[in-house]
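Heads up, the next two complexes both have chain A, just with different partners, chain B and then chain C.
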Partner chain A sequence: MSELWEVLTEHLPEFSSGLWVTVRLVAIAFVIAMVVGTLVAAMRIAPNRWLNRAGGIYVETFRNVPLLVLLIIAFSGFPRAGVSVSQWVAGMACLGLYTAAYIAEALRSGVFAVGKGQVEAALSLGLTYPRTMRRIILPQAFRTVIPALGSLIIAMIKNSAIVGGSLVALPDLLKKTREVQADTAQPDEVYFWGAVGFLLMTVTVTLVFRYLESRFSIRR
Partner chain B sequence: MSYLFDSGNWEWLWTGNNFKFLLEGFLVNLEIALIGIVISLIFGTLLALMRISKRRVISVPAGIWVDVWRNLPLILIILYLALAVPSSWRQAYADAIPGFFPEALQDELVLGALLGLVLYNSAVLCEIMRSGIQSLDRGQHEAAASLGLTYIQQMRFVILPQGLRRMVPATVSQLITLNKDTTLVSIIAIQEVIGRAGNITSASGFFGGVPAPVLQVYLVVGLLFVIVNLALSRLSRRLEIRERERTGTTIERVKGIEDQVAAETDVITSR
Partner chain C sequence: MERKRWHLLALATVVLAALLFAACGDDDDEEPAADEPAVEVEQYPADTTPGKIQEAGEITIGVKYDVPPFGLNNPQTGEVEGFDVDLGKYIADRLGVDAEFREATSDNRIPLLVDGTIDLILSTMTITEERDLEIDFSEPYYVANGDVLVPGDSDIATLDDLNGQRVCTALGSTYADTIKKEAPDADLRLVDLYSECFDQVQTGSVDAVSTDNVILTGMVIQDDTLELLGLDYTTEPYGIGLPDGDTEMKGFVDEAVAEFIDSGAWQETYDEWVGQHLSEEQQQGPPDVTLEEALKLFPLEK
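Take a look at the complex of A and B:
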């Protein structure tokens, strides 16, 4: 038991720096995912067949390819084509673009849930289509999809570990856990604390979204 | 762009055994996923039965177990098990696995990978099963009890058959996640599609002396996953819609898994 605490007290700087990297990675990737996801969702519901199709291809591609393959393509494949990609850019962009596909789908279903009647009402009041989207549909859609967004952030925290575990090797919590383990050769203790770090993040997000849901969510 | 479409960079694909070599690696992924989902279903059902037990000494520990494993990154679990599984277990695995299984699965390292996939996925499938059971009408339990069935008989003949049916669509979408997750075992040096793609690209001209660029090789790998997973998501959507029409109920999605969110929205938007 005392060994367990020793590992934590001796290697707290490594664990906390890894945790901080994971938090930043997930936060930035989430912003990317929201922006790209909203755009793709808008494409998929826009009254234009070509935009619909392009959005559909984006979603089906990024949803069905393993994140590890995306990371290898970005970090190892692009440089050979003359586009150099840094660790952070590869990690953030892949995690963000991967999750964007799911966010786009969630938002689209949120828009569907708002109902056609409201669109028609807004248009007949003389609002333009973009304005209808921004003022009437999207605010309600975002509130409907709060539970789905929470779910996707938890998935993102778990997926972010792949960035540190793959050849990108961003010094995140997983990478640091591996380094400390290589240093101390105490897999049980070291991975225990790594796991606690990840659970801290997922449990926090669960609790925050439980509150957000009770406060803002529209149940349908 | 010219780099991407330059025919010289695609020559590897139709040279020698490159493509066949990749495809065989991809089959290993599918096999690991299939074995993983079958074992996980068995343990997931057992865990679900423990979680819905009325005895708190059983349901509370099962609940904590499930919540811990499904909230951890799978890659962390796999990396830990690669270190922590005793070599005597690995040896026992290597001795016990039947010879007709593919060569990649004969590797004793596979034990850690399979254990990790099962620990994680059985926790997820337990939650899917539980919401399937909870979506059943309470009357089912009461009717079965009033017919004089014991608890075990109720479960065996009334609750589980219906619960299992309802979890089929969600299980298929979990299989998509699992399919993608099988690539993670390449990190502990198992020769599946990622490992083989690495082989093709590393030595200049693995087969036939033609260099294979990383970008093109992994685009092909990605395409293989898109084809299989697209088919699976179509299947899951079909099953889901049929199940909803038949029973008129919806089962709640397991939180924190991206493809469960996607399956839910698939059904909502395809109405």
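Take a look at the complex of A and C:
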């Protein structure tokens, strides 16, 4: 038991720097994912065939390519084509754009959950289409998809470990944990604290979303 | 319309299944070729590790798959090849068993040995006291030196120049620590595979790669726009990784290594994989350090 604490106290700088890298990576990727995801969802439900298709192509591309392959394309493929990409840009962009495809689909399903009658009613009351979306449909859609968004963010936190494990080699929590393990050769203790680090993040997100749900979701 | 889709789905399933079967079928052809002349095989008692391996008829050896000229899974032949692989086959022959090779990276080789997935590690592994706590080492079978690889047009010329530069090496290798000491301000990129370092120095995602000169030489053979600095700033005797405290296995492997060196097989293997790519003055002979001396080169910290 004392060994368990010793590993943490002796290697706290490594663990906390890894945790901080993962937190920043996930936070920025989350912003990218939400912005791009909302835009793509809007494209997919817009009353325009070409926008629908463009949105569809985005979702199918990013959802059907493994995250690891996206990272290899960004960090090895682009430089070979003469475009240099930094570790952080590759990690944030891939994780964000990948998650955006799922968020777009979640939002789209939320929009479909709002009855068509509401759109017709809003339009016939004289609201423009964008206004109908912004004031009537999206607020309801967002609350419907809060639980789904929570799951997607937790998935993103876990997916972030792929960024550190891939050739991008960002010194994230998992990478730092493995470094400490290579130093100490105490896998049980070291990976325990690595897991605790990931749990800290996922449990925080779970609690935040539980609050959001109770605050905004539709009572049934 | 609905029906047509079902047909497509069924077709896709059939194609996938066919591919899977084809892939499985390939494996069956990969019987290790027993073209080596038979050496005199000593029978070991059944309760010792060498004896158990003889009974199983197969020894599983962890080698690198991406580090020419020591261990490379050659994409053209589908076979693993290199100095470590040949030494592994030599050891298998002395037991009269087949050698089965598995990929063992710098980070996962010790866990693979400890959990019994592999019987030996022959994976360009430097002998260190820290590793010696978990496993045992054979006598050194090769001595590599630490060096730095840079693109031909790089300004990096000394270890000191690595500060502020992006430097790639493998997670779990001795260099992860060495570089932190020698160039504390280097932006260290720790990857799983040396092939990832190779890829990144080629594309300019890192400025330098640092590890054993033989591994780096393998990269120069593949891409001659890269350049070795020739710093030789560390001495890294390689040892074969053995299960901790297994004296019979260690006795057998040490004997095999000694004979590998004395019989001239070492020189032959060296010339084939390493020597032919080096100039006259870069050539080296078999290791002249003992295990005891090697351990002192990488002592435990604290």
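Here is the rule we go by: the second predicted complex is superposed on the first by the 218 of 220 C-alpha atoms of A that agree within 3 Å, B and C clash if a C-alpha of one lies under 4 Å from a C-alpha of the other, contacts with A are read in each partner's own complex, and residues count from 1 in each chain.
The rule is simple: a residue touches a chain if its C-beta (ideal position, glycine included) is under 8 Å from a C-beta of that chain, and two chains touch if they have at least 3 such contacts.
Quick caveat, the model's predicted, so the values are computed rather than measured.
**Q** State whether A:161 touches chain B only (first), chain C only (second), both chains, or neither.
**A** first
**Q** Tell me which partner A:80 touches in the superposition: chain B (first), chain C (second), both or neither.
**A** both
**Q** By the touch definition at the top of the document, which applies to A:179: first (chain B), second (chain C), both, or neither?
**A** second
**Q** Check the residue A:169 against both partner chains and state whether it touches chain B (first), chain C (second), both, or neither.
**A** After superposing on A, A:169 lies in contact with chain C but is clear of chain B.
**Q** Mind working out whether A:187 is in touch with chain B, chain C, both or neither, as first, second, both or neither?
**A** In the superposed model, A:187 contacts both chain B and chain C.
**Q** Between chain B and chain C, which makes contact with more of the residues in chain A?
**A** On the superposition, B touches more of the residues of chain A.
**Q** Contacts for A:130 in the overlay, against chain B (first) and chain C (second): which applies, first, second, both or neither?
**A** neither
**Q** A:202 contacts which: chain B (first), chain C (second), both, neither?
**A** first
**Q** Would you please give the residues of chain A that touch chain B in one complex and also touch chain C in the other complex?
**A** After superposing on chain A, chain A residues 76, 80, 165, 178, 187 contact both chain B and chain C.
**Q** Given the complex with chain A, which residues does chain C contribute to the contact?
**A** These residues of chain C touch chain A: 107, 110-111, 130-131, 133-134, 168, 171-172, 176-177, 189-192, 196, 199-200, 203-205.
**Q** Quick one: which bits of chain A touch chain B in the complex? Just the residue numbers, please.
**A** That would be residues 60-61, 63-70, 72-73, 76-78, 80-82, 99, 102, 105-106, 108-109, 112-113, 147-148, 150-152, 154-155, 157-162, 165-166, 174, 177-178, 181, 187-188, 191, 194-195, 198-199, 202-203, 206 of chain A.
**Q** Quick check: in the complex, which residue numbers of chain B touch chain A?
**A** It comes out as residues 3-4, 68, 71-76, 79-80, 83-84, 176, 179-181, 183-184, 186-187, 194, 213-216, 218-219, 221-222, 225-226, 229-230, 233, 253, 255-262, 264-266, 268-269, 271.
**Q** Can you tell me which positions in chain A touch chain C when the two form their complex?
**A** Contact set of chain A toward chain C: 75-76, 79-80, 84-85, 87, 165, 167, 169, 171, 175, 178-179, 182-183, 185, 187.
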